[in-house]
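Some structures to go through are shown next.
What follows is a pair of complexes built around chain A, which joins chain B in one and chain C in the other.
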Partner chain A sequence: MSIETTAGAETPALRTFRAARRRRRRLPSVAVLLSIAYLACIVVAGVFGPLLVPHANVQSLTDSLQGMSSQHWLGTDDLGRDIFERVVLGARTALYGPLLIALGAFVIGCVLGLTAGYIGGIPGGIIMRWVDLMYALPGVLVAIVAIGVLGGGYWVAVAVIMILSAPYDTRLVRAVTIEQKGRPYVEAARTLGLSRSRVMFRHLLPNVLPLAVSQAFLSFAFALINLSALSFLGLGSTPGSPDWGTMLAESQASLLDNPLLAIGPALAIIFAAVSVNILGDYVFDRLSTKEGRND
Partner chain B sequence: MTLRSTLRYVLGRLGGAAILLVVYSFGIYSLLALAPGDPVRLLLGNLPATPETMDAIRVRYNLDDPFFVQYWNWLTDALHLDLGQSVLTGQDVSSAILERAGVTVQLGLLTFLITMALGIPLGMVAGLRRGRFADRVVSQLAMFSVSAPSFAVGILLIIVFAGQLNWLPSIGAGEGGADRLRHLILPAVALSTATIALVVRYTRTAVIEVAGQDYIIAARARGVKPSRLLFNYVLRNSLVPVITAAGVVLSFVMVGAVVVEATFALPGLGSLLVSAVQQKDLPIVQGVTLVIAAAVFLINLVTDLAYLAVDPRIAVDGASR
Partner chain C sequence: MTEHASRLLDVAGLTIGVRTGGEQRILVDGVDLHLDLGETIGIVGESGSGKSLSVRSLLQLLPAGFTATGAAQLSGVNVLTASERDMRRVRGRQASMILQDPFTMLNPLMRVGRHLEEVLREKPEYRAMSKPERRAEVQRRLEEVGITDPGVARRYPFQLSGGMRQRVGIAATLATDPALIIADEPTTALDAVTQQEILELLISIQRQRRMSMIMITHDLRVAFAACDRVYVMYAGAMMEAGPSDELSRSPRHPYTLGLLASEPPLDRRLARLPVIQGELPSVRDQQVGCRFAERCEWATPDCTQERVRLAPIGDDRSSACLRVDEIGRELAARFETVEHGAVEAAHQDLSAPVIVALEGVSKTYGHGNGAVAALEDVSLTIRQGQAVALVGESGSGKTTLGRCLVGLESVSRGTAEVFGIDITRGAKLPRSDVRTWRSKVQYVFQDPYSSLNPRMTIGQTLAEAGRQAALVGDAPVLSVEEVLERVGLRAQYAARRPSALSGGERQRVAIGRALALNPELLICDEPVSALDVSVQAQVLNLLNDIRRETGIALLFITHDLAVVRQVADTVYVLEKGRVVETGSAQVLDSPSSGYTKQLLEAVPRTSSDWLGKRSQMGKA
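On to the complex of A and B.
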């Protein structure tokens, strides 16, 4: 009897049971839900920040360096500004720059990766040598020096980090393209006499998208960390602006006397980076099992 | 494996590193031309901008030569360890680098030790207990720590361990052996949060891969002792990915040190670079960037060669690629 149930054909009941279990396993975990909630807060604060906390930049020297209270959740800074409200404002630079970087790297990566993977040849060779070179370079170092010497601030930093992240997308898209290239649907499209760009962008691209999207989450986390690191070094956002990295840098001088100045922005950065990675991991799992890659 | 394929592999890697260094150093030198403003004024620093001093700068840095000639002169000087002088202090760049390199190297080594000592055992536990409670805890922690930026973690460490608990000093590098070590503990921990997670992941994957191989099952069936099985069979064969991880960790540490040194006000290469960047002291920026990049390329090269010692089959695969 027991031999029959293990070795025998799948009964419909067993199949339903397995399907249900698979579905349950795909439900997001608590960590994923928390990440989504936190990131939703960042999006809301990033888009509507100045409306939510209209008085965040109002200085009031009589209220400087207060501790936690119901009025000032995280206390006030040396100019009497509410630290929690400034952290809320900081969501804007933490959202827009990384979003732009992830999108830009995604677009560059898709175009170059599809070209290198599908067309190959000399353009493909040039693209891949460029990718190899960028992989070998110490990216953060390049960013620090380029932005520091060329000058520029936040948006130049965004552009430099976008160029530094694009090779990762390119390599991934190329690998998936090469894997997909041999499949019947590509051959069918070619046989129909479709142009190369049409095959690339109408037929290959949709099949490359899932992995490219989960890579975009990684780019976002990478960009978030590096942009705030640059601001922390005084090379990104302008001094005095409500950016988490800048706020941390400005808290350094009196860190031991006023730890409250730093705790808010530090936790905001850490949770944001962790949330994006957890969500990216989840998206990758969902999208790649759909492709038939079970772990 | 033949001698020829080994030789081809080694030469290929050496050539690759050399090409990288040339391309990279060209980029570094171009900074001078790309930086906004007149290079002469940039190199003048605090000196008064009289026609005489400006001519002197032009002659000393060969600024009237064609760009490629300038680059060639700069590169050959750099290979003779002459990286020019700081614009602000007039100190030789190479001696400034030597002065600061000690702290960075010590920080790097301590971080590397902490990373390997914690990362490999944790990764092995996670791999051997795959899917169990221990694996889930370790993997979740790794996910958390790989994402946390080192400077934010560093600031929190200072607040907790230097401020609230008052166990360790918050900033500076300290004097003498034991004091230096005490000062480097927090920076090294901040720097290793990301790298430990990296090593855990590499080790876990490698152990899972190896533990499923037939020869492990065969050895277990023969009754090989569990401890021997672990160290001589599983760990030994997981070494290649772990060496990859070690190389990645070392080069990550060289670059990550820049931000962490700024966090903990350590007088190392990284803080030298950051202050030079802020003050537009180009010779220092070029020198430090070149040294850090050369170190990263060297680490990658040594990693590639270490594969060969652990797994000679790589030369054959690598050469045929």
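On to the complex of A and C.
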């Protein structure tokens, strides 16, 4: 892309060089591929879960607490429900909530962070004091109290965690904005007479995005774990529902009879969090190298 | 060439490659050079010429992934193949390096004295000394590089000026008493006056200690003034080599000629600066034969048939030009015309309306005792269509002034009118006034590598400026293609991103963006100082053309007096925020202020008396 392309000037060496570069671009590492595959499964399970495993919630007390078998891949729980099928069903709450939290925190963080970083002054001061306040609060405890007051439920937990993670995005976006706003390209935009919002969203935002996006992946992983933790405490998803955190909590009673009851959802959570992190790193690398740099 | 017994360094066929993406790329191709004891050689080249890589390979200091082949004997050791253990003995004791930016070379948490002690500790005689003796030794070493204030040893690097830091860097390099000093752009980060002092210091030390020196620089004049012999490199290959005075008088390679010619002269204004057409080839194009061929007007098909190497042409000179015998006379004739190129008189219309009027303008940063004055009581006038130069060293406030005029900084005191708008009111100005101000005054930044948004294509950048022009809208809006054409770029550039452009091309785009608003005043802040010489001339010509075509006024902010001579009608010399001299460009011929004289003295000149005079003054 950076090579002068005049017709006929393409030497064989140049062609092989380009091909090599394309190949290298196309091939992410094995870990990234595995992460993408796993997350794709979660997305499919999250969206089509009830269609894939229509009998997941059917109880069969005669089949309770069975081990692994070809019929029940991860065995059954105390009510005779297939653990694997319930883990598949649980992908929905593991996907929607964290996704909403990551997106929400990302949007809030970008708007507030750009404002605080670029405009500063009194609005910036107010935003940053709010960020400081949120940092000072012990997150999960606040969530527990807030959900207790607001009456609980999955979506309340989602909203509370979104507001709790937005300050991290805000702070990061602000820091990058401050670093970027002294650069000549921003000053050039100012001397053109562009409006503040245009400088912020057309010029600064694209250059802030790589970090903000990778932060969004991190928030997704945190949100997943926090939501599961709240569900584990009985504050998120309603008891009995196929949520990975709830399943973990409810596995306690029969943990010794069938450890798979805990291992299944636990591994699902861990793999999801790790995969999101790996993918976040990869996306950051791609975004920040792809023609984005000035040198 | 004759006394081989005194040969310190002999390099033959040095080739440096790097492996990327399974492909071997050659960055330095078959370099030959030699250096005698007590001799100083210069390696001159533009960015990407491979000059730094070549000397780094001699100390095995190449970045990971780079490999060097060929032969290089440094006092009998083959430094390309020697083991790391042997190299540790070579580095420091045999050869030491001085880097471009001494700030990155000095540990910010170590006091100056500690730096020297660290290096001196390697020497047994130092370890045998008592504590007071050691302190005296450190002091003596600092005095050698001209630091007489004993307090300096207790300071941290950040408490020193750039010149002082470079002196400390030199002292640290010399502490191991090496036989060879490699100075990699030792003065590039310094102001002209400091540059002259540091070069004189290096030369006097080199003579006193009878050391050998390799000086790497992009500035031909510096190399000619400071070195016995000069090697000219281009795109990884040696082009020409020879004694400084001969090379500077009669280049025997089209590239050397081009380099010498595109250097703007200080003493006269040329109607048009000679340029080397085209741009540096990309390292990805591994062409066969002479690398300069595609930019060379004397090139024949033979030039790209087979590899060319430096070949002796008599008088201790060598050239890599295949046709050197055929075109020698032509080169000489061309050089003659360059030396006596068409001269243009500075012309200005002093009855034109005033567009910028500054009266007693001051700018201070900070409050109370910590306040720093960047500008003090500056008065300046710019008339329509006039080209004004603001000259000064770093810290003189010239950039601050330019930024005030465009609204990137605010004026603290004084009256300042730009196109009739009182810019001291800053944020309190009505919207319409701000819009007029922005559309009439535009700014071109020094660093073309960061002044374009890396995530926008050239077309997007220029279109945005065009839309802005439409908003203000009295003049016809230029399309992206028209803007590109005006700054001499093809329309295909619109689809590219800044990362795909060279420095010169980016600066053209930045100029185009500013022109898209049809401004009446263009402020250029060191627009060519980040560019290679051959590209610098192209951009200066472009600015002069634009001025001739559009009648735009220019405010040229620069430290380079030769550049000032080429573009300016009126000159303002700034020192520490004050205007110390002003007048038409003839100020450069007969300066009245001592500071201006000092600046003129410090401009690098090819003749060796540029450095000699002052070192004699220093001894007296």
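Throughout what follows, the second predicted complex is superposed on the first by the 256 of 295 C-alpha atoms of A that agree within 3 Å, B and C clash if a C-alpha of one lies under 4 Å from a C-alpha of the other, contacts with A are read in each partner's own complex, and residues count from 1 in each chain.
Rule of thumb we're sticking to: a residue touches a chain if its C-beta (ideal position, glycine included) is under 8 Å from a C-beta of that chain, and two chains touch if they have at least 3 such contacts.
Since the model is a prediction, treat every value here as computed from it, not as a measurement.
In the overlay built on the shared chain, the residue A:35 is in contact with neither chain B nor chain C.
Within the superposed three-chain model, A:184 lies in touch with chain C and out of touch with chain B [touch as defined at top]. In the superposition on chain A, A:246 makes contact with neither chain B nor chain C.
By the touch criterion defined above, A:141 lies against chain B but remains apart from chain C after alignment on the C-alpha atoms of chain A. Of the two partner chains placed by the overlay, only chain B lies in contact with A:277; chain C stays clear of it. Set side by side, chain B and chain C differ in how many residues of chain A they touch, and the one touching more is B. Within the superposed three-chain model, A:219 lies out of touch with both chain B and chain C [touch as defined at top]. Within the complex formed with chain C, the residues of chain A that make contact are 1-4, 11, 13-14, 16-17, 20-21, 24, 183-185, 187-194, 202-203, 206-207, 291-295.
On chain C, the positions that touch chain A within their shared complex are 21-23, 282, 284-286, 406-408, 434-435, 438-439, 441-443, 445-447, 449-456, 464-465, 468, 471-472, 496-500, 510, 513, 517. Remark: chain A residues 31, 133, 136-141, 144-146, 148-151, 221, 225, 228-229, 232-235, 245, 248, 251-252, 255-256, 259, 262-263, 265-267, 269-270, 273-274, 276-278, 281 touch chain B in the complex. Within the complex, the chain B residues that touch chain A are 20, 23-24, 28, 31, 34-36, 140, 143-144, 146-149, 151-153, 155-156, 158-159, 162-164, 170, 251, 254-256, 258-259, 262-263, 273-274, 277-278, 280, 282, 285, 289, 292-293, 296-297, 300.
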